[in-house]
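Each of the next two complexes has chain A plus one more chain, namely chain B in the first and chain C in the second.
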Partner chain A sequence: MRRFFTLFGREVAGSFHQPMAWIVLCFFLVITGFNFHAGVTLLNGSSGSTTMVEAFFNTVYFWFPFLLVFPMITMRVFAEEVKMGTIEMLMTAPVRDIEVVLAKYFGALFFYIVLWLPSALYFVVFQMVTDVSAGGAAGSYLGACAMVVLLGMFYCSVGCLASALTDNQIVAAVMAFAAILFMFFLGLISLLLPGGGAFVREIVYFFSPVQHMMDFSRGLIDTRPIAFYLSATALVLFATYQVFQHRRWKS
Partner chain B sequence: MKRTGVPRTGIRIGIVIQSLSVLALFVFVNYLSFQHFYRGDFSRSQKFALAEQTKRVLRELKKPVTLTVIASPTFVSAASQILGDVKSLLAELQFSGRERVVVELVDPTRNLTRMRELQEKYKFNSADNLLILDYDGRTRLLPLADMADFDFRPVAQGGEPRLLAFRGEQAITGALIALVRPGASGLLYAGPWRARSRCWFPRRPPC
Partner chain C sequence: MIKVEQLSKRYGSTLAVDSIDFEVKKGEIVGFLGPNGAGKSTTMKMLAGYLPPTSGRAEVAGFDVFRESLQARERIGYLPENVPLYPDMRVREFLRYRAALKGVPGRRMNERVADVLDLCGLVEVEKKVIGRLSKGFRQRVGLADAMIHEPDLLILDEPTIGLDPNQIRQVRDLIRNLKRHHTILLSTHILPEVEMLCSRVIIINKGKIEALDTPQNLRAKLGASGHIMLDSKVPDVRAACAELRKLAGVESVSTRADGAWTIFTIRAVLGEDPREVLFAHAAARSWPTRELSRSAVSLEQVFAEITHAEEA
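This part shows the complex of A and B:
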């Protein structure tokens, strides 16, 4: 465990020493700030029962930076080590491959969670200024946070796999973005098949991050997406581990 | 001379077996979670939780009921305010009723052909915010405006009507009971509407 935390610390420190990390952080804050402003404008103009949390997490301004941020966070995770030639050092160091993979994955996930922390202030400020609850209930906040973390876990693992598959960071970013976008649009198939039966509808719901976020931000907690994202993360991390090990057997 | 290299074939077989096992585990976990899931409403208003009576009515359905919503978000109408709530409610009815509830959303401004078909089939003229319930050849038409209480006083000052309460579940369940049991009385509800719903949904029957 000590070796894992050493690697994890190295990974986190490495992330924040990169100018790219600060660019991503700024880009993300600007767009989420704009998204928050759009949410407030929407609430000002509507007399329905939409909450601030729903308005924030279910717009195109939320999904655009959200999907774009994972390739940027994860593209360097393995590809950079290979390019710099430090991967051999890692592979010959007295650490297990699984510890390396997990440390890199959790390093990326940690950075992703740090990205979101300033956004939590928006809701606190909103509540202080307007005296209106931003979520309506704790279930909405927790649901939205849980979905942000679950999606982050899964997409970070996809990005790590893409980075492990190639030596080129740009190729890794493009691969991760394509895979994430494919999974995102898989959940929108119901728009193309409005007449599908109950089974098709439920299968589409199973893969639809938009639907999951919509439900969770309303406080509707469903166990299916939780099981799906956790198991899919484990599956993709297993694939990453195998790809990482493949380098050892290849050489 | 005896070879002492890495046993690559053995490693490959091991990796294939490991990968297949992990994949099988992934499919199994997701199959189980798909069959037996929990869906709970933790929102403050509990407006997404279906009442026990609604679930009972859904269990009684012998054939699929088709719920067709004719509405457009572009319509200037008080009912447009509750369109999101109506869609959420229909989604919950679908989750609970599964294959026994079929929902169709028709936007008359975008799908005029379908709108005409529906007008011909159900013999109605209005194109504004309507819910059609069709069960076993019996139909009910519910204006969306009847699913909520509005305060129309702000209209006098040039404002929009203010939503006071959404009663969509009550209206739809009432209409469903009238369709399932044609002789039943219209007075249906005695219990609380926002009863907290936390139950396990087996594949069949729905809870």
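This part shows the complex of A and C:
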């Protein structure tokens, strides 16, 4: 366990010791800030029952930076070490492969959560300033946060897998982006097939992040997406572990 | 300490290491010698647990490097060839990280880090970022890392490459000091280094072990006891040559003029040392003599002989 935390600490330090981290943080803050501003403007002009949380988490301004940020966070995790050769130092130290994989994954996830912290404050400030509840009920705010974390866990694991597959960071980023985008658009298939009926919609609901976010940000907590994202994360991490071991043993 | 049996490594269709066997006992410094691409680094990587062998087995301190990799790795300090380090970390921070990774207990952390910083002459740069260090310092950071957890065995892949002569001497002194506590396996191109440091030498070429012995024995095995040089002033060079050739233990004589002096290069009969006879002869003829010496066969010649004979 001590080795895991040593590795984890190194991952966190490594993820902040690079200009990319600060570019991503800055880019993310600007866009979520703009998104929040757009949400407030929208609420000002309408008298409907939409809450701030719904307005924030269900726009293209949310999804665009959200999907883009994972390849940037995870592209370096394995690819950089392999390219620099430091993987040789790491793997000849008495550490288990699984500890390395998990430390790298949680390191990436940690950075992702740090990325969200300032945005989470927006809602607190909003409530303080306007005296209007941001989510209508605590459940919708917590639901949206839970979905942000669940999606983050899954997409981070996908990014780690992509990074383990190659020693080129750009290739890793493109692979992760393609995979995440593919899964995202797969979830929108019911929009393309309006004639598909209830059956298609039912199937698509299982893997549609847009649907899940829509429900969760209304406070509609469903255990199916929770189980889906947790098990999918575990599966992809297992695949990452296998790829990592394979890279080690094949050469 | 190290036991290697029938160890092989194949990359695709090339056989990098071809079923080698050797043993290293505790407390030895063994030099691994060979031309580029001979399989030195591959063998060391396998011993360090980084590459899996294609076949055969290797044991370090009684642990199989493949099956009991974790226990074996705990007992090995490994310095890879190009010394990959995290460029964004500071020296002290890096060493603390590596010590924790290698299981140095928290209470001994400061002591160990201070020890290796001191031993490797890194105290002046302990707060510097590794990416800004010179090659020599980086090499020493790598060395400090290799021994931070007091491993039984140090595997050093070309520890002095890319260093200036002063730094090379420092690293050599360091390695010599480490001898007391560690068994060391090091690879190098620099032959005098092996003669200076190692108690045994393994010469490897094209994946096979060509020779495994002490530097002295290797030299002796090559047979020739070297050339003898006699630097004298003789009245008649041709006559002197003819006289010298007749002496016991002399096989051939060649000459070179150096002003009024003549330098005779004398090849001795195998296993004989005719220096005494030569001196007596020169004295009897009362040739003024500046020098009478024997050049020992260097390991360099042994190495060239062994690795070239193969190609011919």
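The working rule: the second predicted complex is superposed on the first by the 248 of 251 C-alpha atoms of A that agree within 3 Å, B and C clash if a C-alpha of one lies under 4 Å from a C-alpha of the other, contacts with A are read in each partner's own complex, and residues count from 1 in each chain.
Here is the rule we go by: a residue touches a chain if its C-beta (ideal position, glycine included) is under 8 Å from a C-beta of that chain, and two chains touch if they have at least 3 such contacts.
The model shown is predicted, which means the values in this text are computed figures rather than measured ones.
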Quiz item: Which holds for A:138: it touches chain B only (first), chain C only (second), both, or neither?
Solution: first
Quiz item: First (chain B), second (chain C), both or neither: which does A:7 touch?
Solution: second
Practice problem: Check whether A:223 is in contact with chain B, with chain C, with both or with neither, and answer first, second, both or neither. | Solution: first
Self-check item: More chain A residues in contact - chain B or chain C
Solution: B
Quiz prompt | Contact residues common to both interfaces of chain A (with chain B and with chain C) | solution = 249
Quiz item: Can you name the residues of chain B that touch chain A in the complex?
Solution: 6, 8, 11, 15, 18-19, 22-23, 25-26, 29-30, 32-34, 37-45, 47-48, 81-82, 84-85, 88, 94, 98-99, 101-102, 104-105, 160-163, 166
Quiz item: If you look only at chain A, which of its residues touch chain B in the complex?
Solution: 46-50, 133, 136-140, 142-143, 194-195, 197-199, 201-202, 206, 218-224, 226-228, 231-232, 234-235, 238-239, 242, 249
Quiz item: Within the complex, which stretch of chain C touches chain A?
Solution: 11, 45, 48-52, 70-71, 73-74, 76, 78, 80, 82, 84-89, 97-98, 100-103, 145
Self-check item: Residue ranges of chain A in contact with chain C within the complex
Solution: 2-3, 6-7, 9-10, 13-14, 17-18, 84-89, 91-96, 248-249, 251
